[in-house]
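The structures come next, written out as structure tokens.
Paired with subunit B in one complex and with subunit C in the other, subunit A is shared by the two complexes that follow.
The block that comes next holds the complex of A and B.
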């Protein structure tokens, strides 16, 4: 087993994939706590579908760098979704459901009509559930991912206190002079970036799991925002790493293996929480 | 100059007005109670004073060195979810966030201020406790400590005693009165008219008829006499 592993690790591409996976897991878990607590989980889900539609469009247009299309489209949708989500007039959740299902259908339609690929089902499947093998990453993608992840982590650290204030009690924060609109917008943009990043790793249908599971697990165990954030980051990285290693060894699809680990971690945390609570 | 001068202020949502034109002033060190029936627009007025919603007409003038964002407040219902993981210290400290501006982290002074306000509210030893595991009265005190971190001058309290038992209610009133003696201006919304009359210096009654004046004047006014009599029954 260790032999197979070291054999694989000799490939630079596998090492890249591991780095990328860990960074994505870290980033997605950081904002997961806020997303869950602000009841924004659905935005993450909606955005991942938008990203799928954008990716299909990019594939059809034969763009050499599809990130140039996917990233802006997702970021703009994030800002729009946040706006409808906070407006009392439009039913926010309905709007999001509409946009997300719409772009899913639109994306699939585009791929069906215009795709030149011989393996359409395979293409669709890998955009939805992540590539079957992580070794398909290109070097540029790895570099972009590293840069964006570092930016996300820096953003999170610099804005940590503001994110807490806005998550805990937005009205109070606003009344005492925190620019809550700006913070919400930044959070939405960062979520969009994270979602686009995670597309390659786990596919658009499984992204929400990556964002939400570690946060929910950590919330079973810890009582303070800081502890929950740290715990969910650690859990997410550990699950991603074990998931990726297992998928290399067992030849299972990366995305679903990672999510399976996340789900198992949640069950474990839930049980520990129950045991401690019921002592 | 008065801390707050309210001129012909009309409050409401979108174009639907809630309160009629209001005129009143709040001086430094005042203790003002806002009373009125359910739905008369007390919370709406408070949100307007906090600039959370736009006034539909009239003006709010800030004076005496008070800035718009230097008002601490205690919300009526906190939208805070039941499962929110946050320690008492994290919450109290978040009251300082507004004054940080662009600075990402809290300074030493701000941390000291948070400690001091926790002590002031009798929360020593609670700083690492989880907010959601505290009793209603303790939670109220945590939010009060947070509000104190956001202001040196004015506190706006929206029904601070709702849901508290008589003993804790009394303690809460004493705590607020103590803050007022220390020089903090208090604006409190309350349904407890006897307590309002006992503690406050001024009363603003909103509803079908609007009354603003000192507590003495209120006791002798028609609206005041009517409500006090209602309560005594």
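The block that comes next holds the complex of A and C.
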């Protein structure tokens, strides 16, 4: 086992996958707590489908660096979704559902009509479930991921108090002078960045699990925002690392193996919480 | 009591969900036994070597007329009129696939094999001259226009939705079809990695290959 692992670690693709996987897991868990508490758990799913649509468009346009299209489109959608969510005409869940299925259908339609690849099934499956995207990263993609992850962590540390205020009592935060609209917009942008990064790791259908599971697991064990955030980050990184290692060693699908670890961690935390007499 | 029953159901559901997700995977052995499905791909490289495209086994199994049509990729009409280059590269690979193997894919998990073959397709220059050993599904294709015959070893990823493969050229000791395996069987092939151009498209191949 150790020999096989050291053999695999000699491959740059495995080292890249582990670095990117850990960073994505860390970033997704940081804002997962906020999303769950703000009842925005499903926004990740909606945005991931938008990213899928943008990815399909990038593939049709034969863009060498599809990030250049996916990132702006997802960020704009996140901002619009947040704005639409607060308007009276189309609210929260309806807006997310509309954008989610619309983008998915649009993306698949584009791939069907204009894709130059003969393996449409493979392309769609790879985008939806991640497939082996994480183990086929190029050095430039790893560098981009590291830069974006560092920016996300810096944002979270700098805006920690304001994120906390907006998460628990937006009205009170507004009354105390916090620009809640700006904070919400920044959160949406950061979420969009995380979603785009996560697509490489688990694919667009499983992203929500990466955002929600660690936060929910941590909430079974701790009560304070800080403790839950730290525990969520640790759980997410451990699960992502374990999932990736098992996947690489055992030849299982990367995304679903990571999510399986996240789900197992949730069960464990739930049972520990029960034993401790929690909720 | 009712709360406890609900909790138990909740735990059972989560465990089932976890198992179902893990069950999606395929063991390396299963991957080796898998036969080529319609979405099977053989890697082609664009002249720039950056982007890569695929030829599916659907195309491989079409009738000659359809094959001709499928072979005419957009923007390749002009290239198609050119005389097909000799499939052996200008600089013949002197090395032969002996017992020394630089990269043994048979010892790797399906996730690793797929990723490594993907790398070969995207960055072929890193692998040229290396002896590669791999196992996968044997696929045969004959181009009706040029009369060229192509032999490929196809591998699948862990989700079983993506496949790709490498073409191989066996040594002259092997005579087609007597010494070749039946299409769709699992083979283990060892050869020296190289690239060549045909109709303006760069292809990867294993030269001086032999069946192990």
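Basically, the second predicted complex is superposed on the first by the 273 of 279 C-alpha atoms of A that agree within 3 Å, B and C clash if a C-alpha of one lies under 4 Å from a C-alpha of the other, contacts with A are read in each partner's own complex, and residues count from 1 in each chain.
Just so we're on the same page, contacts are C-beta pairs under 8 Å (C-beta built on N, C-alpha and C of every residue); 3 or more make two chains touch, one makes a residue touch a chain.
Source: prediction; values computed, not measured.
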Next on the checklist: I'd like to know which partner A:74 touches here: subunit B for first, subunit C for second, both or neither.
Outcome noted: neither
Checklist entry - Regarding the shared-chain residue A:161, is it in contact with subunit B (first), subunit C (second), both, or neither? => result first
Next on the checklist: After the superposition on A, what does A:217 contact: first (subunit B), second (subunit C), both or neither?
Outcome noted: neither
Checklist entry - Looking at the overlay, does A:173 come into contact with subunit B only (first), subunit C only (second), both, or neither? => result first
Item to check | subunit B versus subunit C as contact partner of A:225, first or second or both or neither | outcome: first
Item to check | Greater residue coverage of subunit A in the superposed arrangement, subunit B or subunit C | outcome: C
Checklist outcome for this item: Seen from subunit B, its contact residues with subunit A in the complex are 47, 50-52, 68-73, 75, 78-81, 83-87, 90-91, 93-95, 97-100, 104-106, 128-130, 133, 146, 150
Item to check | Complex interface listing, subunit A residues touching subunit C | outcome: 7-8, 11, 13-14, 62, 64, 116-122, 125-126, 129, 131-132, 135-136, 138, 247-254, 256-257, 259-260, 263-264, 266-267, 270-271, 274
Checklist outcome for this item: Per the touch rule above, subunit A residues touching subunit B in the complex are 37, 39, 157-162, 164-165, 168-178, 219, 222-228
Item to check | Of all residues in subunit C, those that touch subunit A in their complex | outcome: 7, 10-11, 14-15, 17-18, 21-22, 24-28, 31, 39, 41, 50-51, 53-56, 58-59, 73-74, 107-112, 114-116, 118-119, 122, 157-159, 161-163
